[in-house]
Amino acid sequence: MRKARDLIFGTIAAVCAMAALAVLCGLVFVIARRGWPAMNVSFFTEQIRLVGASGGILWNLVGTVILLATAFLACTPFAIALALLERVWLRSHPARRWLRIALYTANGLPSIVFGIFGFIVFVQWCGWGKSWLAGGLVLAMSMLPTVTIVLIERIAAVPARYVEAAAGLGLRESQIVWAVLMRQSWGGLITGSLLGLARAAGETAPIMFTATIFAGATFPRAIAESPVLTLPYHIFILAQDSFDPAVGSKLWGTALVLLGLVFSLSLAALPSRLRIHEESNV
Amino acid sequence: MTRAFSWLLSLGALAALALLLGVFAWQSGPVWQHEGAGYVTGGKWFFRQHEFGALPMICGSVVVALVALIMAAPLGLGAAVFIAEYLPRRSRLAVKMLVELLAGVPSVVYGLLGILLLRDWVYETFERFDPLSGDTLLTAGILLAVMVLPTVVTLADDALRAVPATQRRAARALGLTRAEAIWSVCLPQARRGIGAALLLSLGRALGETIAVFLVVGRQDNNLPVQLLGAGQTLTSKLGGSETNIAYGDPLHWGAMMGLGLLLLLLTGAVTLLGSLKGRRDA
Amino acid sequence: MKPLFTLALSLAVVGSAFGGTLKINGSTTVNLPVAEAAEILRAEQKMDIQVDTQGGSSGGISMLGDGQVQVGMISKRLSDDDRKKYPQVAFKETHIGEDAVALIVSKDVWDNGVHTLTKVQAKDIYEGKVTNWKELGGAKSQRIAFFNKEPGRGTWEVFVHWLYGSPKAAPQVSFPEVGGNEETRNKVASTRGALSQLSSSWADGKRVFALALVGNDGKPVEPTEANIATHQYPMSRPLFVLTNGEPAGEAKTLVEFLLGERGQELVKKHGYLPLKALKQ
């Protein structure tokens, strides 16, 4: 009887796991199958033609990469500063606790509010109009908590004896920070950034009011009035407006490319992320 | 030097967070003056007549997110139990990697799947309940359930793994079956962490914009009394055309910003609760 | 914060000095020929043209009014309210073609025998007084699933203009809303008893069907090219590109291209009536 119950319990859990994986893998499969016919070299090297029905998504890909690079560069110094503040400079426990709580809470804020915030501040107040920089900064804001949290975890994992040894050698605090703590933690910064970028790459809501348009933008030559094309916005627009049935395969193709980009970013981050998980949860 | 810069940049980041909240509070000022508390309790939204009541959207957001959680929670917890308690370490890591990878599928891709596949499926499957169309709160709920599923699984798995292995061994040594050990030792001990996982997933579901926008039907002034009816959420309203129309009319814009403020407070509260619950140290 | 803003401002000034980019925003309906014309001008004349469709026609008007774009695309006539909102802007409409708003239904409604609609019937549906196709001549009972075009879309304004004379006079209603043209067509085609407003060129007669509208004389008028050209069909609408004052510079090049033979071919290709067809 107890054995039977044990078996049933295990089976239910296994079925749940199978079902969850089946649903998730199933939808990736659907996208891959529908998007595959669009894949060829010219899809990546040509610009949009015939309002999305022909040509490729070169500038959408370029635009998304520009936004991600901007977000990464803008986010990094702030992430380092916040992580060092939490790990090194803040001495009081309650203050550190509140900083962490603020970070966790900010991490859960919806991306659309960042988008509208960016619209008010960058697009309107700064008078930039739709601009790649506005989009990059908005994405940087939305990924900052993730990057900082991962970096904090990594710095916390630096063995205390390294710090003690460095202090014993008479290094100043700021020297210890760069020569020991950060030196051991660059991987955490990269991992955190990759995770944040993987999420940022697929975001539509933060950039649709701040950075991206449907057609015609190429490489930005200024800050103001310099929008970019992006992959997610392309999908969002074509999902609502595609006159020509030929758009269909291009649309799924774009989704597949976006999925590929997101997966590459998180795949690059996963191994070291899981290592941290394992070490902390033995 | 390092220390000063850390403080400077950190304060800048925290100031940006405060500015975010401040901007929404300030810009929504006109609507609070105009409607008072009726803005939150009012059920009618007709912007041409300058009548703004956000209740249907607040309820819409909550209902859709709860539907998502009710569906994702059992499946996700079951899957997490299987992954954390049954799988050997190596395959556990592999499955967890896969799940975290799938967590990155962008919302616009979910939206595309929703608009082209899920809404038809819901329409046909629930035909006997006579829905007016496939754009329903339930459709949005199901889509969100799939979207937050990986988050539920991976955070619940973390919570279960955080239960010390000695506890498991002790339970087994007392003659409990594996199922009994999980049921009466691991799950109770991981209660807080699992609660946090669910709250954080709820926060994510509340803030999701693009996917919901494409399938929820976007019908104003409808209190979500039946799941198979169209509705509107805070996010689908903010992501829609009214945000463009409203800018320039202080009252209408204030009403839109009020929705942003409500969304911020709602997700902020849920996420804050989740982070406080999840980490005793946080 | 202040030095940041100064920096931002100076960068913005540097940015605008580069200029030379023609920015266009507005209606998704007008977007089709204009975006394709822009592709040609980009390739042949190396012009720098950016096209977006944020907010539909009203987005085109407001962004032109705010000076964020040089050309707006609108699928309706400019109203006095639109002009009043931007008194300092001298809106100039350039007519590039003609279209009509069709009331489209799903196949099952068409098969149920509903092929026409009077103005009163359309009002009754919009005001929620009639909710079943049987009351409108359908053979069997069938609920009406009405999808309303979202506010700000030219299509919606043309529709309520026909029914009520102006958007302001339209009653307060709440229906599920649709935005883009394909979204509308897709949702109507896949929903039983569905009705919505859509550019007539998208009514393909296979997945969605355009109803004939019955005028005061009792004769049904279909949105055919002939009826649109002669304005027999009540919801005929002009397609405009909008500029601040007479089009100049790059905007002029675009407008001239659209009015020229190749531009008019594009208008025709996307199912709208070229200007030539109107004059006959």
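Each chain carries a letter (A, B and C) given by its place in the written order, and its residues are counted from 1.
Keep this in mind: contacts are C-beta pairs under 8 Å (C-beta built on N, C-alpha and C of every residue); 3 or more make two chains touch, one makes a residue touch a chain.
The model shown is predicted, which means the values in this text are computed figures rather than measured ones.
Colleague: Please categorise the chain-chain contact pattern as a line, ring, star, complete graph or other.
Modeller: Here the contact pattern is complete, since every chain touches every other one.
Colleague: Counting only C-beta pairs in contact, which chains form the busiest pair?
Modeller: Highest contact count among chain pairs: A-B.
Colleague: With chain centres taken as the means of their Cα atoms, state the distance from chain A to chain B in Å.
Modeller: Chain centroid spacing, chain A to chain B, equals 18 Å.
Colleague: Would you mind pulling out the distance in Å between where the CA atoms of chain A average out and where those of chain C do?
Modeller: Once rounded, the distance between the two centres reads 36 Å.
Colleague: Quick check: what residues of chain B touch more than one other chain, meaning two or more?
Modeller: In chain B, 115-116, 214, 247 touch at least two other chains.
Colleague: Listing for chain C: what residues touch at least two other chains?
Modeller: As it turns out, chain C has residues touching two or more other chains at 54, 179, 183.
Colleague: Would you please write down the residue numbers of chain A that are in contact with two or more other chains?
Modeller: 208, 239-240
Colleague: Name, in rising order, each residue of chain A that touches chain B in their complex.
Modeller: Chain A residues touching chain B: 2-3, 5-6, 8-10, 12-17, 19-21, 23-25, 27-28, 30-31, 77-78, 80-82, 84-85, 88-89, 97, 100-102, 104-114, 116-117, 120-121, 124, 141, 144, 173-174, 177-178, 198-199, 201-205, 208-209, 232, 235-236, 239-240, 251-252, 255, 258-259, 262-263, 265-267, 270, 273-274, 277-278, 281-282.
Colleague: In their complex, what parts of chain C are in touch with chain A?
Modeller: That would be residues 5, 8-9, 11-18, 21, 23-25, 28, 31-32, 35-36, 38-39, 42, 48-54, 68, 179-183, 202, 270 of chain C.
Colleague: Could you please specify the touching residues of chain A with respect to chain C in the complex?
Modeller: 48-51, 122, 125-130, 208, 213-218, 221-227, 237-243
Colleague: How about chain B: which of its residues touch chain C in the complex?
Modeller: 15, 44, 46-49, 115-116, 119-120, 123, 130, 132-135, 214, 217-222, 230, 240-242, 244-245, 247-248
Colleague: Going by the contact rule at the top, pick out the chain B residues touching chain A in the complex.
Modeller: 1-3, 5-10, 12-14, 16-17, 19-20, 23-24, 27, 74-79, 81-83, 85-86, 93, 95-102, 104-113, 115-117, 146, 149-150, 153, 158, 161-162, 165, 177-180, 182-183, 200, 203-204, 206-210, 214, 235, 238-239, 243, 247, 257, 260, 263-264, 267-268, 270-272, 274-276, 279, 281-282
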